[in-house]
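Working notes for the structure below.
Every chain is named by a letter (A, B, C, D and E) in the order it is written, and numbering of its residues begins at 1.
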Amino acid sequence: MSIIENHKTVGSPLSEGAKLRARDVCVFYGEKQAIYNVSLDIRQNEVIALIGPSGCGKSTFLRCLNRMNDTIDICNVTGEILLDGDNIYDPRVDVVPLRATVGMVFQKPNPFPKSIYDNIAYGPRIHGLASSRVDLDEIVEKSLQRAGLWNEVKDRLHAPGTGLSGGQQQRLCIARTIAVDPEVILMDEPCSALDPIATAKIEELIDELRENYTIAIVTHSMQQAARVSQRTAYFHLGQLIEVNATDKVFTTPEHQLTEAYITGRFG
Amino acid sequence: MSIIENHKTVGSPLSEGAKLRARDVCVFYGEKQAIYNVSLDIRQNEVIALIGPSGCGKSTFLRCLNRMNDTIDICNVTGEILLDGDNIYDPRVDVVPLRATVGMVFQKPNPFPKSIYDNIAYGPRIHGLASSRVDLDEIVEKSLQRAGLWNEVKDRLHAPGTGLSGGQQQRLCIARTIAVDPEVILMDEPCSALDPIATAKIEELIDELRENYTIAIVTHSMQQAARVSQRTAYFHLGQLIEVNATDKVFTTPEHQLTEAYITGRFG
Amino acid sequence: MNYSTLLIALLIALGAAYFLGRNRARSLAGQGESMHSLPTHYGALTALWTTLPPLLILIMWVMLEPRIVDALLTMQLPEAIRTASEAEVRLALSKVHNIASDPTMMGQSDLGSVAAHLVDLEQRAAILKGGVILSVILLGVAVTWRRIQPDLRARGEVERIVRIMLFASSAIAVLTTLGILVSVLFEAVLFFQKVSPIEFLFGTTWSPQVALRADQSGSSGSFGAVPLFAGTLLISAIAMFIAVPVGLMAAIYLSEYATSRVRQLAKPALEVLAGIPTVVYGFFAALTVAPFIRGIGESVGLDVSSESALAAGLVMGIMIIPFVSSLSDDVINAVPQSLRDGSYGLGATRSETVRQVVIPAALPGIVGAVMLAVSRAIGETMIVAMAAGLAANLTANPLDSVTTVTVQIVTLLVGDQEFDSPKTLAAFALGLVLFIVTLALNFVAIKIVQKYREQYD
Amino acid sequence: YAERDYISIVGSSTVYPFSTVVAERFGKSSSFPTPKVESTGSGGGMKLFCQGVGANTPDITNASRAIKQSEINLCAENGVKDIVEVMVGYDGIVLAGSNEAPQYELTRKDIFLALAKVVPAQDGSETLIDNPYKTWKDVNPALPAKKIEVLGPPPTSGTRDAFVELAMEGGCKKFPFIKEMKKTDKNKYKALCHGIREDGAYVEAGENDNLIVQKLVANPDALGIFGYSFLEQNADKVHGSIVEGQAPEFDAISDGSYPVSRSLYFYVKKAHVGVIPGIEEYLAEFVSDKAMGEYGYLADKGMIPMTEEEYEKVVDTVENLKTISAK
Amino acid sequence: MTDSTMTTRQKVEASMRRRRAAETRFRLYGMASVLFGLLCLVVLFGDIFSKGTSAFSQTVLTTTIEIDGDYLDITPDSSESDIMSANYDGLIKRHFKNDVQPKGRSEARSLFSLISSGAGWQIQSQVLEDPSVIGKTVTVDLLVDDDVDQWFKHEYGNDSGSVRLSEKQLEWITGWIESDALKTQFNTTFFVNGDSREPELAGIRGAITGTLLTLLVTFLLSFPIGVAAAIYLEEFAPKNRLTEIVEININNLAAVPSITFGLLGLAIFINIFGVSRSTPLVGGLVLTLMTLPTIIISGRAAIKAVPPSIREAALGLGASKMQTVFHHVLPLAMPGMLTGTIIGMAQALGETAPLLMIGMIAFVVDVPGFINDPSTVLPVQIFLWSDSPERAFTERTSGAIMVLLGFLIIMNTAAVMLRRRLERRW
């Protein structure tokens, strides 16, 4: 299944007054191109789901949005990404406030080798979000609660975060991210290791967060995409094939590839 | 929701002539008990799904079955686990052939920092499964194909395995495990990072493997459990609550906790 | 004010400035301003600006004060001395200093008045110094205090300063290299004017027996450095032959097999080996190991010289075990457990896991450790001088006595020397060539590491 | 230039043990601080000494040989013009063996034949051949049939220079045709007489004399070359070989009948006298009878005192601070 | 051998014999390596201890002596300098002359040589402390000469030919032994005195102080600079040709013979910056240059070993590069950096060659008070003593080595405890 080099995204990738705008973004890992000319707007207070087959570049694209790709030596990004109108790839931009504003939950849970408490408290501490110990305790508790982890860990807050189960680690990382209260949250498969109940809890959280924040979520579960997102973007081999309202994508996809993917006829 | 200390598993955890039998297994992480008196038989040529809320002990139990828990210092296992009638916790047992016989796919993908080829070839090499280079190439190709990764990586077999996307890494780890051709395969959420197509591919693989092997799979997706498994075991807070034929569990669960979990009424 | 008082003052200023800056930021934030950075960043910034400039001034002062004082004193010296040779002036100055430090002598010398002047100068300099430093401190506090406004990017500024300090630190290491190169190069060039580089590099006879005195003589002396390099190679090879397997296996055992108790005792115990003075190793090698080897050799009918490369190499190997073992143990320990799990899960034995997964993942660190050990082996002198002799034999037989480049450098430099004799200059030429050779060695090592580097995670 | 109130001494490691005794006694019995004595080797000491004048250069340098003209020139270039040379005494160089081995009776000719790189052919002709001798008996039938193995200092050492000049050259000259050569081809003569064999019979064993002593104990067949004071201290372990019929004993070295001994010196920067406190007093202590005299404490430490006549001259030099140029 | 009809299990079982053997062998190699290292340590320690313990005792001669004010020409009211310069040696000589009655001058000399030349100073310091003893008769434990000390301590000179004492001398000594005047006591001198050329007066206090000061300077400079350089090179420096050259250079510095650092120190610190010779300051500076490569190299290896996911996690939360490094990478790399520091400092603690060039191989009697007083260090003291003719220095050399090792062990223990607290596996 080969696709044209310069595919034009179908649907409505762009929109007025968006919070985040990606324009003609290409990403290379060394020689290998992983993202081809993607343009996509993400609106304030919306949840956008990024879906697509494994290896199609969802994580890569997501990582562009807060310049986490900078940390990979061989990774090279071209194009523009504007946050509230400012190009985040401008050399004068300080990535630190950027990343504090655009938070990220990674695909593989990566707790710090510190206590659970310190894992959560780290962000608020460096950003000076808590003025006192009590404040901080509160932030930690609140974040853990919202991530649905509080009950499981409340009596071992000072045990190492690395001693948690897979799903617990994932929720810890979510809690850690929301603890710094970013404006945009990027989530790379936040529920992949979670049971339905925990998943529901996180989906609830996403719904709740949407009121004040902008969220981009990578997911493999179409049900989840359907449940939490307003718009869905479909990636294929590094290209953005289609962006549309979620119900439209799942009921009447415009592009044949999207259709093939969501109906499971593939490969 | 508190449960009685010495819960008796409902359903049919035991069965004649099983391949793997767990008897009264308790697991402790230091002081903390993670598994309480679990007894469960796993039959030859069956796929058993382990489900339950995050942190309930699924991974822990799975890791007992090939003594992967040995690698965690503070972890302590009591009870008996018999493979083909031999207690694998017998001090005289050598874990090496045991683990070659009972293979494992981990929850977090952990490719070796080697090339994709070497990741797969590692097992066959140490066990001397391939008598020639050609043999080995064949094993590698076959395993990657069965894990649905061949097409994506065939032209970069000598690129590092750590440079793959999350889902690709997960499939790499599956391929690595089946490359050594174990008799029992333990899979800890093998599809958590996979898109529906790749998931379907893996489920197909599981179905195919079942003819010759015994498989235990941890999953958070009830649909998946329903699709691939013959029996389902439900864990809750370290206890094995119910074991029954999969369709029975999902249609008429015996235990109220199971019912609460599969209907999503919980917490 | 003397220097220790000033240093204490600086320390106090450091603490005070930190709190001042932080509290100002806090109070601004308390007034509802949204500060760009955390209060601690403002504190750190204030602390840096109040202590760094005075510290730099102080260092300059330490270096310049004696020169300026002496220049001023020189003008006070009697005409006769001042116009005489520079040596006279220096002598007089030394004398003035000595008189000044002993008040009873003040009146007894014609230089008494100059000494009194010196005492006076020193007092004034001390006051001036104290004043300058204190005002710079206050200036720093004041300026930074005023600069603390909501839009001051304190964190960025602090980080820039820290980054400069980090850079300066690594620059020191590079400057050291340059310094060494310069200090060796000049004299090496002089050497090569006397002895042809061809002879030096390819000659196979090393016998620096040249005359140092007009009334004395030696044989003409030959400076073929090949035997020295061969000896260095031989001894280092023997040492590495001990240290690498033993050290690496010990590291593996400690990090992968041993209980944490054993590890915590054995690792530091092995580290003690690196700190035993080399004299001790030298005596041990010369008086215990060498006769032992000789005894064994003779019992099987081999002709073993009483000084052998083997004895020195073996003992040197023991000395550098901890370089390999401890540093490797650290990097092995840092390999994530998930990699080991992956391997065990496939049914690999511990040793297979170690050899094929852990070691490759830890390779860059291990190579670093081994290179450090090799370096130490090449640089060691005492053991070789005491146990392997000083005779430059060109041989690959470990039972023969050999010598190394470093030993020759040291003996040439501490022996009876003369600044322009090729015998002394040879030390510098050897140093230069050794420098180049090890540079090449390191280059190769880095290339190997880059080629085989396996980045985990 | 910071002030310095103590005397700074550098130089020979051979003179170091004697110089330090004086320094220590001087420090304890006077109101001056104890001088600092560095062991840098004679050449290294000279280099420092000749760097210039002033408190940051040493006042005195010890040497196990006389100062060289080139060094005097260097000193002069750097403004060190007036140097006082003080002879300290003698140092016997011994060829010692383990007490478990018999005492050798050697002549300088034996030593030369045993250790030289090239020797006259055995047939008595005037051809020179690479040293063929393996055992002492080969050299001189009167000696035991033991392998020639001599542990001695490396070519960079002053002791080696002295040994070569005194023992080897002395033996070398016994061959008339070589002695002739001195007049015709001085360089060849020296190369011949001073060249030590490098085939393993002469073992360059470093400069730690205690180590050589202990190696001799471990290896009784070998001989070692070192200073008399180590022989004296270790008389229970090693003995000195007889050279030219004379054992290395105190009196024999003192009166010159033991042929292998050299003089030790130190040099004083006259310009520093009066600038650095205590130099005169230190010199006085050094040349006092209780230190340098026949029964002085330096003799106790193994230094061989000089003759009465020489001593008089030294005392005179020191009292009048006679510089080298005025000599 | 591997038959395609065999099942995996059979193939694995078939390979197990060989692999188990390999495993056992591997494990044994590991254990043997550790044991070998420890054995070497034990042998070296045993060697040193067996030679060195006797350095901690000293023979003294108890005698009753009259502090004869007339002979000494002092009274309790004399000035301090008069008391200082009085002839105590003469007093002691007179005392023993009267006591033992030697015949003739040479016998007297051999009698006097049994008493340490420090005995006079012993009396002197006693009188200085309390001038009222002048004119009284006091009992003192006089130090004996090193020959007597050696003979007495080592079971009367068990190596039969102990010819350093004459018949007559042995006779006197035996007399003292019979009257219980000769005994050994703990050698406090060894710990409170500076260097001396008389073994019985020689101590290591100066060298210990010098070592402490020198290492303090070394540590205070090399640790922060080394860590900072490692951080800069690994985390901040752009990865290009230049940094590669820098990296190679630093690795290369580790192979530079240590004496070269002495040359450099001489050229820079002494000749250019005018630091005085033979001081802990210049010694510390030179040793800093020497230890830096070790700390930098091990520090870089430790930083490299921190998994990138940790950095990502911190960066993703909006931590700056600097914060990521100082909050996460550095703590995780600290154990490795400490190892490098331990080894580097241990090396600095045992080093002599570079100190030669900067004048620390020296005879310094007075204990240094600060980093710019002339001083020496323990390894130099050991080196100098090991090359002294006097036999009694042999045991003192070993004694000093024992002290050095004690020093090393204390230093390491502190660092090791710190390291243990910081270590974790992830």
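Keep in mind that, in the parts below, contacts are C-beta pairs under 8 Å (C-beta built on N, C-alpha and C of every residue); 3 or more make two chains touch, one makes a residue touch a chain.
Everything numeric in this text was worked out from a predicted model, so none of it was measured.
Steps from chain B to chain C, taking the shortest chain of touch contacts, total 1.
Common neighbours of chain C and chain E, by the contact definition above: A, B, D. The set of chains in contact with chain B as well as chain E comprises A, C. Ranked by how close its mean Cα position lies to the mean of all protein Cα atoms, the top chain is C. Ranked by number of C-beta pairs in contact, the top chain pair is C-E.
Ranking every chain by how far its Cα centroid lies from the centroid of chain C, the top place goes to B. In this assembly, D is the chain whose CA centroid lies farthest from the centroid of chain A. Spacing of chain B relative to chain D, judged by their CA centroids, is 83 angstrom.
Chain A and chain C have Cα centroids separated by 48 Å.
Put simply, the C-alpha centre of chain C and that of chain D have 35 angstrom between them. Touching two or more other chains at once are residues 96, 108, 126-127 of chain A. Shared contact sites, meaning residues of chain C that touch two or more other chains, fall at 66, 155, 283, 337, 347, 349, 352, 413-414, 455-457.
Within chain D, the positions touching two or more other chains are listed as 1-2, 4, 40, 207-208, 211. Inter-chain contacts, as defined above, occur between A-B, A-C, A-E, B-C, B-E, C-D, C-E, D-E. In the complex of the two chains, the chain C residues touching chain E come out as 63, 66, 155, 159, 162-163, 165-167, 169-170, 172-174, 176-177, 179-180, 183-184, 245-250, 252-254, 256-258, 264, 266-281, 283-284, 288, 318, 321-323, 325-327, 329-331, 333-337, 347, 349-352, 354-355, 362, 364-365, 368-369, 371-372, 374-376, 378-379, 381-382, 405-406, 409-410, 413-414, 431, 434-435, 438-439, 441-443, 445-446, 455-457. On the side of chain A, the complex with chain E involves touching residues 66, 68, 71, 73, 95-101, 103-104, 106, 108, 110-113, 122-123, 126-127, 160, 162, 173, 176-177, 180, 182.
Interface residues of chain C facing chain D in the complex, by the touch rule stated above, are 66, 70, 85-87, 90-91, 93-95, 97-98, 100-102, 207-209, 211-214, 216-220, 282-283, 286-287, 291, 294, 305-307, 385-386, 389-393, 400-401, 403, 411-420, 423-424. In the complex of the two chains, the chain E residues touching chain D come out as 81, 84-85, 109, 113, 117, 121, 157, 159-164, 196-198, 274, 276-278, 356, 359, 361-366, 374, 384, 386-391, 394. Those residues of chain E lying in contact with chain A across their complex are 239, 308-320, 323, 327-328, 332, 424, 426.
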